[in-house]
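So, here's a batch of structures to check.
One chain, chain A, links the two complexes that follow: it is found with chain B in the first and with chain C in the second.
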Partner chain A sequence: MRTPFRKTAGKVALWILTFVLMVIMCVPGLWVVLTAFRPNAEVLAKPPVWIPEDPGLTNFAKIFGFAADQVAIPVPSYFANSLIIALTSTAIALLIGMSGGYAFARYRFRFKNGIFLGLMLSRTVPGIALSLPVFIIWSKLGLIDTKPGLIIVYVALNVPFTIWLIDGFFRQIPKEMSEAAQVDGCTRWQAFWKIEFPLAKSGIASAGIFAFLTSWNEYALASNLTRSTDSKTLPVGLMDFTAQFTIDWAGMSAMAVIIIIPALILTFLVQKHLIAGLTFGGVKG
Partner chain B sequence: MAEITLDKVVKRYGKLEVVHGIDLKIAHNEFVVLVGPSGCGKSTTLRMIAGLEDISDGAIRIGGDVVNDLPPRKRNISMVFQNYALYPHMSVRENLGFGLKIAKQDPKMIEERVAEAAETLGLDALLDRTPAELSGGQRQRVAMGRAIVRHPEAFLFDEPLSNLDAKLRVQMRTEIKKLHQKVKTTVVYVTHDQVEAMTLADRIVIMRDGNIEQVGTPMEVFDHPLNTFVASFIGSPPMNLLPATVRGGAVHFTDGKSLPVPSRLAGKVRDGQEVTFGLRPDDLTPQGHGIAEGGERAQMELEVILSEPLGTETILYTTIAGQEAQGKMYGPRPVSPGERLVFDVALEKAHLFDAATGRSVAAD
Partner chain C sequence: MQTKRPPFWQREKYTPYLLLLPAILTILFVVLLPLIFSFYTSFTGYRLIRPESLWQWVGLRNYERIFGDDDFWAAFVRTIVFLTIALNLEFLLGLGIALLINKITWGQRTLRTIMMFPMMFSPILVGYQFKFVFNDNIGILNNALESLGLSDGAIPWLVDTYLANFAIIFAEVWMSTSVFAILLLAGLFAMPRDPIEAAKVDGCNAWQVFRHITLPFLMPFVFIAMTIRSLDVARAYDIVDVMTGGGPAGRTELLWTLIARTGYDNARMGQANAMGYISIILSIAFTYYFFTKLIASRRYMGGAD
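So, the complex of A and B:
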């Protein structure tokens, strides 16, 4: 017999568990955001101070060089590099992902399964394991500390996943849709853009967000392949806050907030395309 | 003018040949139904006509021109798919007008055509809905509407009714027939349902394993099946097919029973020939319970195993030569299992097929 009391207790326990899990996930992020608005001294205070006693934008001002006591960090350059590299590599990865995903979903060709498996397996190699070989090749090719150098690496990093995700979405679209469009007067190309692409849009948007965030947040490879404001990205720029013996945690947190914001904005913008369950109904119900 | 001609058309997938050189002539405005069991190549044939599958060998002509290498959009045909394939991101109106819009037609003209098609199919109230907001039958109608707005030279249907429930299927079947009478066009219609084929077709094409077994009007294929396959495929309940031997002008069954060879087939069989005796249930009726009395008849006393009353008639299950056979009782009275009845065999409607080849002896 389950008494009402027991039922309620179960529910409460579930809520507490959910709360604890959420706290574990969210507190570090929250700490970073709070720290961005407090002086460095307060960061290291014991016992810890949770709510900044005198919240202010000093840290941001310092980063951008408006404070007297610190050299400005070239945030605008880093920001521009990050944006250019992330957007370009995402665009290229999506283009390749779309063509590849479509090909895997619609065509039969030799070694199809082998190629697909190979693409997936390439993801099992951690990026950092490749950093030395990539570094050697890139330095021979003169790609070290260039934006194209990093863009190529990120495209390679993202393509398997975008192909896999987009392939899944095209697979969901019955091939009769494109055939109906062709009978209706479309070329194969028109049928793709007018029918299949709009239907796979949410998948392509998801793949785009993933690719963008991967590139935007990537640190390990970027830290090896970049040197200067020519190509340094925001995550690598975070290291500018470490000196030999001290770390400017507050400044680093402020920078982290700067990194997070565009990613959040983009995710919200694209999110409305992310309704996963496509409202089909074009086929039998 | 759009007659469609198939000339020794072959389809191979790699080494596997699935359509073996079929010939077919479809006249202008004719309603032709391709029928046959699953996997016999109906859809493949239709898709070759549409241009959605390459033709491995032979030629297809639409309105006289060889279209082998033309893409679907240049064949001036439209197609209704089994799963309808409506565009889910467009309203019914946009679905209907899509083909005309692609052809860059004048928006006013598109609107008129869409309105015309919507009226023909009773879709007026649904024009602003999306396919997801429609019932199965309504989607089916939109799919047909999309086919008619373009005024194509031919309609191709691939099992358009197989996703509907039984009642709606019968209703839509009638609508398709009406539609064809209204918008006179050549129609090629694929189904595996022989009732659909019989009721819709001007001519039926019966296919099996990538070959055409027989082409003819519904009555021709019903009354004169060329072989046992067609005989068993067309008609419901199916024709009784019983093994027998011809001896001394009579057909002898294995259980010792015999019937005279139908007089119209007398010259077509040899003594000692192994045959299959074909008789439709309608032609095996208890005395006094047939549809038409008179004609060439023989009698057989048979034991009724089971009876299935259907209202105006009752299906009677019996055995001849150890095989189950079905008869029909018109103006039925209750029959109890085990009852022995004298049946009338309408010999002028009976068929004889050569046991070895399965071909009708009347055909040679």
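So, the complex of A and C:
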């Protein structure tokens, strides 16, 4: 028999082992974050400087154009583009997704499975393979290097997953609730907004966060469909730093931090829904 | 008195189709039509710099040329090997992490949150991050090795063929292991305790319990993770594009970076679209394979389909 003491010691050892593993996993990311707060000279120093001697927000001031020596990369407009494109495409994808998800959750109709499969299959197409024909068609339509051009693509990218998630959230709400409301004189439209929408709201919000993150982080399509400050997003702009002969590691890290902050906050918010959403029907079907 | 028949858009029978219309139109316009168009261009000698070549029908020549091209086959085989190694490593590491965290009772939430850290990084950031870490001159890895006295020169992580491929797989595994870990952890949480207790009473050792009870139960979750991963394997394009750009001399080129180079840099759209189709078929095959595995493992568990 194991003594209580040895049992506790084992537990502590296991905990420390896991914790150390997790921290090692985080080191590369934390290193980038740390670099964002130190001057480039320190990053390039030989022998290496491990602990920042002169931490500060200079890099952020530089890339946003507040510092004396500015970086020639228009980060503020990339930031604005990213925000506008991600928010607009998310809003549209949510509307389309709610309407489609409701149809799958509440109606039986012909070709239901076929349509669902078709929507999901559209998601398997690699972004880069899709970008080729879209690039040709968009340039004929004058949509290259415009925000609407990218927004339309992102809506299509997000619609299948949004429908899948929202369908699941509507299914969890008993049909009888909206039927009761209809008996009491509501139209189906009113019943939806008064009963089903409020109940599915948090689920819909997390579907929205997924859609936002997909658009916010997308690179393969954006890098080929955008050209200038009119529509370039942050992930594409990140590459501007490497286009020069020498890489501005500190500036690039600062920009990386700007890209990751919204992702960090939003992923943290939807942790619970993330797992629930992804394991839908894991075993029970 | 005769009631007027409502117009068709108000009839119950058509409601679901109307509700789905926006979704279908979007996919039609942004995915299906472009794909039909790219299927057509894959039979033409279309080059971006000569628009009239869009009408130049060349039959199967693009496909013949691709299949006779060593660079294409090298990229194709490398993509398959890359995916096989990456997915298996992600599964094993993810399983290990999930089992470890599942054992821990105190402070589990904290560890779980730390575990999700890489999931917050987009592929482009992962690529940049490891371009930085593996940099031969100022990268943290070389600096650390030198400080510890383990190497005396700058190891060319992203220049040497083998090391560069290793670095790319490392980045991919770093990015996606948490997807497996989190899904397998969800599986472990959902697992009933009774069969394990019963097996222990019957004298099974820890390995037997794991092999014959835990693992079969986890399999559906493994295949959910695989299916989800196979939907976005092409995101590796972002990583490779940032880290090495397919270089040195095309030795880290994956199918997806080769497509981009052929289509945009060399302006051979017809040929690039032909490759694009091969990559699409590859993606669908991967997804389909894991999806059928998922259905089969669910049936094995006696669940509904």
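Things worth noting here:
In this text, the second predicted complex is superposed on the first by the 229 of 285 C-alpha atoms of A that agree within 3 Å, B and C clash if a C-alpha of one lies under 4 Å from a C-alpha of the other, contacts with A are read in each partner's own complex, and residues count from 1 in each chain.
By our rule, contacts are C-beta pairs under 8 Å (C-beta built on N, C-alpha and C of every residue); 3 or more make two chains touch, one makes a residue touch a chain.
Not measured: the values here are computed from a predicted model.
By the touch criterion stated above, A:Pro198 is placed in contact with chain B alone, chain C being left untouched. Residue contacts after overlaying the shared chain place A:Ala91 against neither chain B nor chain C.
Look at A:Ala61: by the touch rule set out above, it reaches neither chain B nor chain C. Contacts of A:Pro133 after superposition: chain C is touched, whereas chain B is not reached. By the touch criterion defined above, A:Leu83 lies against neither chain B nor chain C after alignment on the C-alpha atoms of chain A. By the touch criterion defined above, A:Glu179 reaches chain B but does not reach chain C. Within the superposed three-chain model, A:Val270 lies out of touch with both chain B and chain C [touch as defined at top]. By the touch criterion defined above, A:Ile163 lies against chain C but remains apart from chain B after alignment on the C-alpha atoms of chain A. Taking chain A as the reference chain, the count of touched residues is higher for C when chain B and chain C are set side by side. Common to the chain B and chain C interfaces on chain A are residues 278-279, 282-285. Of all the residues in chain B, the ones that touch chain A in their complex are 50-52, 71-73, 77-79, 81-89, 98-99, 102-103, 130-136, 139, 146, 150, 163.
Taken together, the chain A residues at the contact with chain B in this complex read 174, 176-177, 179-188, 190, 194-195, 198-199, 278-285. Residue ranges of chain C in contact with chain A, taken from their complex: 13, 15-17, 19-20, 22-24, 26-27, 29-35, 37-38, 41, 97, 100-101, 103-107, 111, 113-125, 128-130, 132-133, 138, 140, 143, 147, 174, 182-183, 185-187, 190, 217, 220-221, 224, 228, 230-231, 233-235, 237-238, 241-242, 256, 259-260, 263-264, 269, 272-273, 275-277, 279-280, 283-284, 287, 298, 301, 303-305. By the touch criterion stated above, chain A contacts chain C in their complex at residues 11, 14-15, 17-19, 21-23, 25-29, 31-32, 35, 43-44, 46-48, 95-97, 99-100, 102-104, 107, 109, 112, 115, 118-119, 121-130, 132-137, 152-153, 155-156, 159-160, 163, 213, 216-217, 219-220, 223-224, 235, 238-239, 242, 249, 252-253, 256, 259-260, 263-264, 267-268, 271, 274-275, 278-279, 282-285.
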